[in-house]
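One structure is given below, represented as structure tokens, and several questions about it will come after.
Chains here go by letter, A, B, C, D and E, matching the order in which they are written, and residues are numbered from 1 within each.
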Amino acid sequence: MAVTEAAADDIPQSAPVVDCAAYVAGQRAANLTIDQLRSAVSQPQQFVWLGLYDPDHALLRRVQAQLGLHDLAIEDAVHAHQRPKLELYENSLFVVLRTAQRVPGSQRVEFGETHLFVGENYIVTVRHGSLRSHINVRHRCESTPQLLMKGPGYVLYAIMDFVVDQFLPIVQQIEEEVQDLEEMIFGQPTEGDATARIYRLKRDLVALRRAVSPLVDVCNRLMRFDLPNIPEDTKPYFRDVYDHVLRVNESIDTQRELLSTALEAHLSVLSVAQNEHMKRITAWAAMIAVPTMIAGIYGMNFANMPELAWSYGYYVSLTVMALASLGLYIGFRRSGWL
Amino acid sequence: MAVTEAAADDIPQSAPVVDCAAYVAGQRAANLTIDQLRSAVSQPQQFVWLGLYDPDHALLRRVQAQLGLHDLAIEDAVHAHQRPKLELYENSLFVVLRTAQRVPGSQRVEFGETHLFVGENYIVTVRHGSLRSHINVRHRCESTPQLLMKGPGYVLYAIMDFVVDQFLPIVQQIEEEVQDLEEMIFGQPTEGDATARIYRLKRDLVALRRAVSPLVDVCNRLMRFDLPNIPEDTKPYFRDVYDHVLRVNESIDTQRELLSTALEAHLSVLSVAQNEHMKRITAWAAMIAVPTMIAGIYGMNFANMPELAWSYGYYVSLTVMALASLGLYIGFRRSGWL
Amino acid sequence: MAVTEAAADDIPQSAPVVDCAAYVAGQRAANLTIDQLRSAVSQPQQFVWLGLYDPDHALLRRVQAQLGLHDLAIEDAVHAHQRPKLELYENSLFVVLRTAQRVPGSQRVEFGETHLFVGENYIVTVRHGSLRSHINVRHRCESTPQLLMKGPGYVLYAIMDFVVDQFLPIVQQIEEEVQDLEEMIFGQPTEGDATARIYRLKRDLVALRRAVSPLVDVCNRLMRFDLPNIPEDTKPYFRDVYDHVLRVNESIDTQRELLSTALEAHLSVLSVAQNEHMKRITAWAAMIAVPTMIAGIYGMNFANMPELAWSYGYYVSLTVMALASLGLYIGFRRSGWL
Amino acid sequence: MAVTEAAADDIPQSAPVVDCAAYVAGQRAANLTIDQLRSAVSQPQQFVWLGLYDPDHALLRRVQAQLGLHDLAIEDAVHAHQRPKLELYENSLFVVLRTAQRVPGSQRVEFGETHLFVGENYIVTVRHGSLRSHINVRHRCESTPQLLMKGPGYVLYAIMDFVVDQFLPIVQQIEEEVQDLEEMIFGQPTEGDATARIYRLKRDLVALRRAVSPLVDVCNRLMRFDLPNIPEDTKPYFRDVYDHVLRVNESIDTQRELLSTALEAHLSVLSVAQNEHMKRITAWAAMIAVPTMIAGIYGMNFANMPELAWSYGYYVSLTVMALASLGLYIGFRRSGWL
Amino acid sequence: MAVTEAAADDIPQSAPVVDCAAYVAGQRAANLTIDQLRSAVSQPQQFVWLGLYDPDHALLRRVQAQLGLHDLAIEDAVHAHQRPKLELYENSLFVVLRTAQRVPGSQRVEFGETHLFVGENYIVTVRHGSLRSHINVRHRCESTPQLLMKGPGYVLYAIMDFVVDQFLPIVQQIEEEVQDLEEMIFGQPTEGDATARIYRLKRDLVALRRAVSPLVDVCNRLMRFDLPNIPEDTKPYFRDVYDHVLRVNESIDTQRELLSTALEAHLSVLSVAQNEHMKRITAWAAMIAVPTMIAGIYGMNFANMPELAWSYGYYVSLTVMALASLGLYIGFRRSGWL
């Protein structure tokens, strides 16, 4: 099966608390433990970024107690298998993203989930079953303090950008496979599993679409409406993510339409090929049937069949057979049946 | 037929009045009879939860007289066969839900209906032809008085959540069947009833969609607009139901699209298989026809056919026949016809 | 042709003026002639209900002169062949409905039209080519004076309800025919006219949809907007009609989608059947061709063919032929070709 | 090709200035030349109606100079090949309509264009490549001065009504052709060009739709919004045109859907027919192959074949052959293959 | 592959800075270098038009430093591969257009990109991989100073008009190819690559649609909303571009629909052809099989076969064979199989 949830044993193990730090003016100010969160977020000019990986219920409850997260959001974060969405709980945001990755050395697309809690001066990221950690996002953010100082809203952007950019290579790979398919269908119509490949690509695209298309609405709200914790000057960045989402979406739709057409075209090509085979078969059948008929005639046992007595009757009859077959061959050639 | 209305005799009989109780501060305060309803709902700080199962017209009229329900809503509740909807009558809500269940030991999806009247301090639930009672919902609600004290609006949420969650396992089962179908279509193209299974799954999905998709609008109104009897702090709960409805809906649409593609792919696979058969048949036919033709030639009765007189003529001719067939066999093998 | 305009001679003749009466407080107060209309509608507390059947232009002009109807609405009422709609002319409403009926003893759906002029204290109903008169609607309205006293708006509801309810049995009959078709397609693939039946049902559904779907908008406006002559307390009734329209509409869409899938599935079933036939034919052809080849070999005239001289050669050859055929038969059986 | 732009030489030649007159109180007051236009439109209570046919650029420039038309509108009016639209230039309207006509004695639909400039007291109509002139519209308008006195807005209505009404007979003719096609497909499956006719009708419908559907929006704006030069009391007339446009549009969509279904149904019918042929062919082939096999057996040259010596062997063998064929014939008949 | 990104080596090399000039009152006032830009744009009554071709990052940074362009827009301009869009950055606009061209002497459509920065008194055009430079647009603008004096907004219009007009000939060429295809499909069903051509045209159309359809929204905003740097009196010009975009879009949609129908029709035509072939083949097979059977009968070795002894038996049998074949020929002719 090409599109699957990531199997647990494929994922490198890591601690549930990946990193937890306080940032002042875009610079890492202190490493924190879970129990220091409450006091950290009470300090103005400072925000906390907590990264979790597949946390259990107890850990999430501890974080909830420290930061006052909403019950329903915590429920969602535990269960995973959410659709991508943005929810507003009083003055905090809860964002669900679906991540996608090609498993190295296989054609499968695996999906994971990233949940984000964005408060006034904290951001909590919860990663489920995704192969690639956000640690690089954190490093990149830390290397541009002038941007990171915009606060949790900017971190939200950085992670959404990272997640959405993972879809681009997958979609491009599918585009290349569709091109391969085109050559397969129109070049060598006899290789029969084009159908299965078309079906599998379509199934992948449908799954990708479910992961990507709800982001159009999420980005729209982030760049247009007044949401808490999203500073005005980060909105152009979400417009950028929005653009990428639209491009991935358009590409998915384009490939789906092409695959539908390819499937129909494939049927048409098969039908042409079948027609061609039938003609060729028929032509050869005729070239065997006519000599057989002639031979049958001279196998009759009539007493009076003058040709039978001729010295060259046999050779003449063989020649007639050969000429009949040759005539048919030439005729079929001319009419394009051979 | 896979999707049917629940046959009456499959349902365990139960009394029309399943349970009727008054709740104060989320705790069951008193069991009531129908005729005590009017006085019970006149008391502030208290609300009544009446559960009915397949009530007759007379019983509904009695309830109507006690609670002042609207004529048209009562009509709907008697007749059943409504589409899911939310209607506002002055200061009470009337909600229609469709329930769905797999009949144990069969592949059929059976549909029932649940109607709810939600007033300021009462909720009446009317269940039609649904296998599973709401008694567990009541028990669960009673075990969390701090939530149940939110009043009838919370009970409405609890029942909607219960009903919508019934769809998830059905949809998952269909997803698994679609995966089975994929293997059936692309693995063993000769088993012919994939078509019928595709059709039946599609019919089930269309019926499920009619039950689920109107709930998008119902939930939307419950979580967004100011409706009477829906306290502000229960709205996030309806957002939760809304999320589930969207997930079921998306899954239904995904499976429908996959089934459409699967049906076309099936036709394509059949066409490929037919092509393959035709080639194989042709190859074998040629391997029989050529020796027959040769035999026909040596069955001719010409007086002068020198080969006939040769001592080894017969054996040579047999060898020629065998070699011709072998040559054809090798040729067809090479070109992939065998 | 299954869906036709009602042929004029199929309709029982009736007078152009079916009934014309004034109502006070929901009770029939007086029977009127056309020429008394103007004075009747000038009296407050009273409204007039005029029922016309296929009126000619002159009669409509007389009614127009009495009630002051708009020119364009009169034009529409004369010509019929309108699409369902609701139009507002100053302070009167003009409503066009399409009616549908199964012709008894045939499968044809026949369409008629009903036009309604709704003023402050009059309602004029104009029926074109519809088999069933509204006389029962009038009787039912007269039997509930407490409802009829709501005025012309209530009569409008009663007639719309009557018209929309005519669609339900037609749609249910089509649903049953689709179920028949399913059995026909998946049970006995050889009966060839499933295609024609699918096409005809689809054509009927498309025609029905054109009659029903514009009513969604009509009902919407009647139940939501402030239209003259529609009292506030009749709006819930139009919501009821709206519900029925949605149900008919949904059912039509469902059946259309099922028919599309059925048509594709039918093609797929035919393809499977063709494959099966081809295999069976091939198997039998092989069982004839192999003995023919063997017979051909022993019909050769070589001088030295030792088998020919054996006493039991003939019987052995017959046995070989029979065994070859039997072997083929068993082989084909095993591989599922027979 | 069925749908074409009108070839120039098919159109009866007429002068570029068809008619130019001033109207006072709905009555023709004076015939004007182009150069009198400016002074004519400066008089209140009077409006000018100028009709042009395929004017050249110079003529349009002269008209523009007199009436102060907008540059871009003039550009459009010269180039033709516009899509139907309504544009507002300061205080004048520019309307583009596409006209359609069946060429007498052919199946082709030809398209032309009519452009209208509507000012406060002038209307200019520019006709391109349309067979039927508006002269009848002018005559009809002049015969109802009480309507014509409403001014240029009414003339706009009269011409739109005229143009839209040209589509109705074309669409009805297509509806009839679709009915013909149905009989052709389901009655006589062997006539092969149903496909080409379906395709051609669909192409015509697509072209018609491009001409008609933008008018929905044009009419909507004319009947709903406050546009200059459209008196309030002509708006109901545009609602009438709107209704016709919707009917034509609906009919086009209906026929398109039916044609799509017809095309699929045709393929299905062909598949059934092919199945039937294959069965019939097979049956006859078997009835020839079995006697041939029997004859082959008795053509073998074994020394000891007792039947050969029987006096009636030959006749018995012929009888056996005939009986075998007859048995096959009866068997195939019974199983419906013949 | 028919639709490709322009290969870099196909493009005539030109300098990154194509032209850079200041305009006063629509007249070219001075040629500038990049480093003079800042002072030039600070002068009122004057605007600067800078044309770049495939600039590198450093050059764009220099321009950004001079004109204060937004970081994200610069990022987009460097990377290209944007979808067409209009973005508002504080008081400047950033517009992305996709250009398309037929490569001369090939059927490929190549896409390029043009990015535009529109400020209060500057416009920067950045061309990527497009074959045709905007130099002609500049010349045309300079020749109409009364229009060019409207400022950067007018230049934006001129370039959009130029870009959109490039799509028209491509779409027209595709329309012609679709007409060719129609003749190919319905005239000569045996040429098998109609399918591949349909697929390729559809792929081109899908790519074109992605380039054109986002412009509907871009033009809409330019002609409707108050955007900075777009003078009110240039809005009618954008309406003109909007019209062209709609026409191209409609044409693309029409051709896509026709191609879908053509693909289905092609399959249907192939099926008819296959039926016809099968009939013809069968007829000829029967005309060979019947004489073969007769010959087989008279090849039997029964001792008592009176016909064998007749002097004219042989000739009679040949005549019977010929008559049988002739009879079959006439019969098949009559029933339309030959």
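Assume a contact is a pair of C-beta atoms (placed from the backbone, for glycine too) under 8 Å apart; a residue touches a chain by one contact, two chains touch by 3 or more.
In this text the structure is predicted, and so the values were computed from the model without any measurement.
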Fewest touching-chain hops separating chain C from chain D: 1
Any chain in contact with chain A as well as chain E: none
Computed distance of Cα centres, chain D from chain B, in Å: 42
Whole-Å separation of chain centres (CA-atom averages), chain A against chain B: 26
Contacts with two or more other chains, residues of chain D listed in rising order: 264, 267, 271, 274, 278, 285, 289, 292, 296, 299-301, 305
Direction chain C, origin chain B - full chain order round the ring: B, C, D, E, A
Residues on chain B engaged by chain A in the complex (per definition of touch): 179, 182, 186, 236-237, 239-240, 243, 246-247, 250, 254, 257-258, 261-262, 264-265, 267-269, 271-272, 274-276, 278-279, 282, 285-286, 289-290, 292-293, 296-297, 299-305, 336
In the complex, chain B residues that touch chain C: 1, 70, 72, 82-83, 85, 87, 89, 190, 192-193, 195-196, 198-199, 202-203, 206-207, 210, 260, 263-264, 266-267, 270-271, 273-274, 277-278, 281, 284-285, 288-289, 291-292, 295-296, 298-301, 305, 307-314, 317-318, 321
